[in-house]
Amino acid sequence: MLYRENGQFKTTYQADQQIFPIAQDRWGVLLLIAFAFVGVPFLVDEYMFRAILIPFLILSLASLGVNLLVGYCGQITLGAGAFMAVGAYAGYNFLIRVPEMPVLGAILLGGATAAAVGIVFGVPSLRVRGLYLAVATLAAQFFWDWAFLRIKWFTNDSPSGNVSVSNLNVMGFEISSPLSKYIFCLSVLVVFGLAAKNMVRATIGRQWMAIRDMDVAAAVIGIRPMYAKLTAFAVSSFYVGVAGALWGFVHLGSWEPAAFSVDRSFQLLFMVIIGGLGSIMGSFFGAAFIVILPIFLNQFLPVLGALFGMEISTATVSHAEITIFGALIVFFLIVEPHGLARLWSTGKEKLRLWPFPH
Amino acid sequence: MSGRKIGDVILDLKNISLSFGGVKALTDISFDVREHEVRAIIGPNGAGKSSMLNVINGVYHPQEGEIIFRGQHRRDMDTHEAAEQGIARTFQNIALFKGMSVLDNIMTGRNLRMKSNLFLQALWIGPAQREELEHRKKVEEIIDFLEIQHIRKTPVGRLPYGLQKRVDLARALAMEPEVLLLDEPMAGMNVEEKQDMCRFILDVNDQFGTTIVLIEHDMGVVMDISDRVVVLDYGKKIGDGVPDEVRANPEVISAYLGASH
Amino acid sequence: MSFFIETLLGGLMTGMLYALVALGFVLIYKASGVFNFAQGAMVLFAALAMARFSEWIPGWLGIESLFLANLIAIVLTVVVMFVVAWLVERLALRHLVNQNEATLLMATLGITYVLDGVGQTIFGSDIYKIDVGMPKDPVIMLESMFEGGVLINKEDFIAAAIAAILVAALTLFFQKTPTGRALRAVADDHQAALSVGIPLDRIWVIVWCVAGITALVAGIIWGSKLGVQFSLSTVALRALPVVILGGLTSVPGAIIGGLIIGVGEKLSEVYLGHYVGGGIEIWFAYMLALVFLLFRPQGLFGEKIIDRV
């Protein structure tokens, strides 16, 4: 079947407002999700789950959150890592301090706490933007870095903020094997991804984008900048916070504040730039890219070195990694500021006309 | 003109003065706008026309004066309040949301009327979904009215200038405003586009009874379509009245011909 | 009391170093409207180059004299920084003219990573030391005013003097030279500057060179005090609140902002720190800048931003 929308006539606005108005897209995505749930578990080994798929799913969730704020609402953040930390540590506290607290509840409450903190640190966005706002979000980063290291109550008096959770149990299922972790994260991501897509096509999403594109005009048609910006901060931080809780609970199991350092914040920002600002799809592309690149370089560079008879050390690989990383960021900003998502949609556009491009 | 009937004063501006730092943009300006009329503000560049509109919908806050809208006295307007009270606005340098499609741009004009909460929107169920459809219908009416059906899904950044101006108008109309402020709606258009725009403005005024406050440089257009004209020069009011009066006003003539400067 | 004065002076000295880094930020921002996040990476890069060159040169050229080796190392490092500036302009900035502020900021974040990676690949990633013969011995001052006097490092004095000279030179450069004027024109409006015939690309290279030199000065002072290592790169993050406080476009702002942050950090750490577990310096600086931002978004000496509709 060719990729065509010919003959798919929409007779209601409802049909026209679907998430994927083209039938092939709709089926494609459904198939992909079904495959992720049913097919993937048969195809990959434990290493793949642990090193690639689970980090990819969780970072996708975080990158979705960052994209809602940066890509859709135009509010730059360099403090996303801090909100992951807040999600993780708040979730941890809910889990150990509230008797009978279910794991899923703790994770969501962790997200909710991150949302509340996000609102507080979003307040400067009402006065400043761009670079100045970036600095304000860095303030959040350094404050929380410090708080989880030094305020003992947050980490239940454990030294250097190192905490761990075990025996995860979600609605009767034990989350301990890589497969169960994968399925759990995938389910969360599907729900959150759908919700994000819904928000950006609803009035709240339009308000965010209006603020991003032309804030004065947005105010003139009655959008409250305060409401739009703070909801963006709240929703974004909620996503990022849940991702943080998952990262701690499910991926790491035990963690310390360094897991959510300023480097993590930059990494999340890079994901949305490379993936595509203002694109849900792009958030996934960006996360995939950033998870896979280091693994690829680790495998590939020594091989390349051996080809030229050079010994390549791990330090060199890690330096090469950050170099390539930085170069790619600059490259994307210059060549395709809309990221991988734009390449994807350009490709689809071509496909729609193929094989008669005119 | 047609069957519309000009009513009482709906918007009354009294002794408005506005300055930025030490620079006076507006000095002691008073004029009123009646319901259903087309009121033009004219004047040379830098006369303070756009500042005047910005005062009316609360982007700028005058240091002195009073704004009376629908009988309510105010020191100044707030943008959100102005929007809620039914004042809409188009911009001189088109201020569309350039990352969004035409349809989405116009839909933003409905935002004040969409009440469903964030959770319902995230889940796309119940009232959120119904609301979305309901307002889409209204927006489609406006799209039909302004004859821009063919560009509905186009990102506004890709449109030619004339069409962008029309989308700007569409977004303002989507608010179903009582008073519509138009900042040079025909600037930079060719004759044909100007004629279209004139027609739309008059139709809006006629069919919806919308009061229109208009800034325009094309004197022919202004004299043709407006009921009353106020003339500004260097932030001061130098003339006010029906087009024929203004045309005959010596001060206005000299401001335009530059004789007295 | 003398303890307080010592803390205060210590803060001022740290502040001076922040000011040097902040100066690099301000220079590039003033002249190109780019907020150069990579300034910290440039400090690291310059310091690494300096440290390694001065180590290698005696071997390469067979020079015994430390002074001569250092001198050649400085010249070489300056050349390297010029090459870096030229490459940055050629490969990145040239293609990003007229992009918005946020895009440029993110691009410099990318450049940061490249410089960190390349710098460590070429020069290594251990801890190195720079020895330009700065006196390390402390002096005791103001003995007549306080019992026991106040303990100060001579090194800090020299550092402060160098910083002051640099600032004076830069101010003159900006205000009095035709190049300085062209730089300010470019900062105001890229296109307008182009239209009156200012060669944008050359201007950018020049300003990045100047920023490279300030990075080298900061790198040498900092490196000879604390050693050269990767953490030097994060000095950008420490100096960020400084520019926010001082205003992005103001050279004196960078200096005064640096001093305020330096002193504020030290005093808060010493007098508040132990109530809350210590280590509050870095976020305290940010919070200070943040609170300030809310009341005066353009900074102490920045130009007020007016939106037009």
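Chains: A, B and C, in written order; residue numbering restarts at 1 for each.
What we mean here is this: a residue touches a chain if its C-beta (ideal position, glycine included) is under 8 Å from a C-beta of that chain, and two chains touch if they have at least 3 such contacts.
In this text, all values refer to a predicted model and were calculated from it rather than measured experimentally.
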Return the chain label for which the distance between chain Cα mean and whole-protein Cα mean is smallest. A
Which two chains does the highest number of contacting C-beta pairs join? A-C
How many angstrom lie between the centres of subunit A and subunit C, each centre taken as the mean Cα position? 33
Centre to centre, by mean C-alpha position, how many angstrom separate subunit B and subunit C? 49
Distance between chain centroids, defined by C-alpha means - subunit A, subunit B (Å): 41
Residues of subunit C that touch two or more other chains sit at 309
Where subunit B touches two or more other chains at once, by residue number: 59, 91, 95
Touching two or more other chains in subunit A are residues 216
If you look only at subunit A, which of its residues touch subunit B in the complex? 13-14, 17, 195-196, 198-199, 202-204, 206-207, 209-210, 212-214, 216-224, 231, 235, 278
Can you name the residues of subunit B that touch subunit A in the complex? 57, 59, 79-80, 82-84, 88-89, 91, 95-100, 104, 107-112, 114, 116, 118, 121-124, 128-129, 131-133, 136-137, 140, 171-172, 175
Could you pull out which subunit A residues touch subunit C in their complex? 76, 124, 127-128, 130-132, 134-136, 138-139, 142-143, 145-146, 149-152, 216, 262, 266, 269-270, 273, 315-316, 319-330, 333-334, 337
What residues of subunit C sit close enough to touch subunit A in their complex? 35, 91-92, 95-96, 99-103, 105-107, 109-118, 120-121, 125, 237, 240-241, 244, 248, 276-280, 282-283, 286-287, 289-290, 293-294, 297, 307, 309
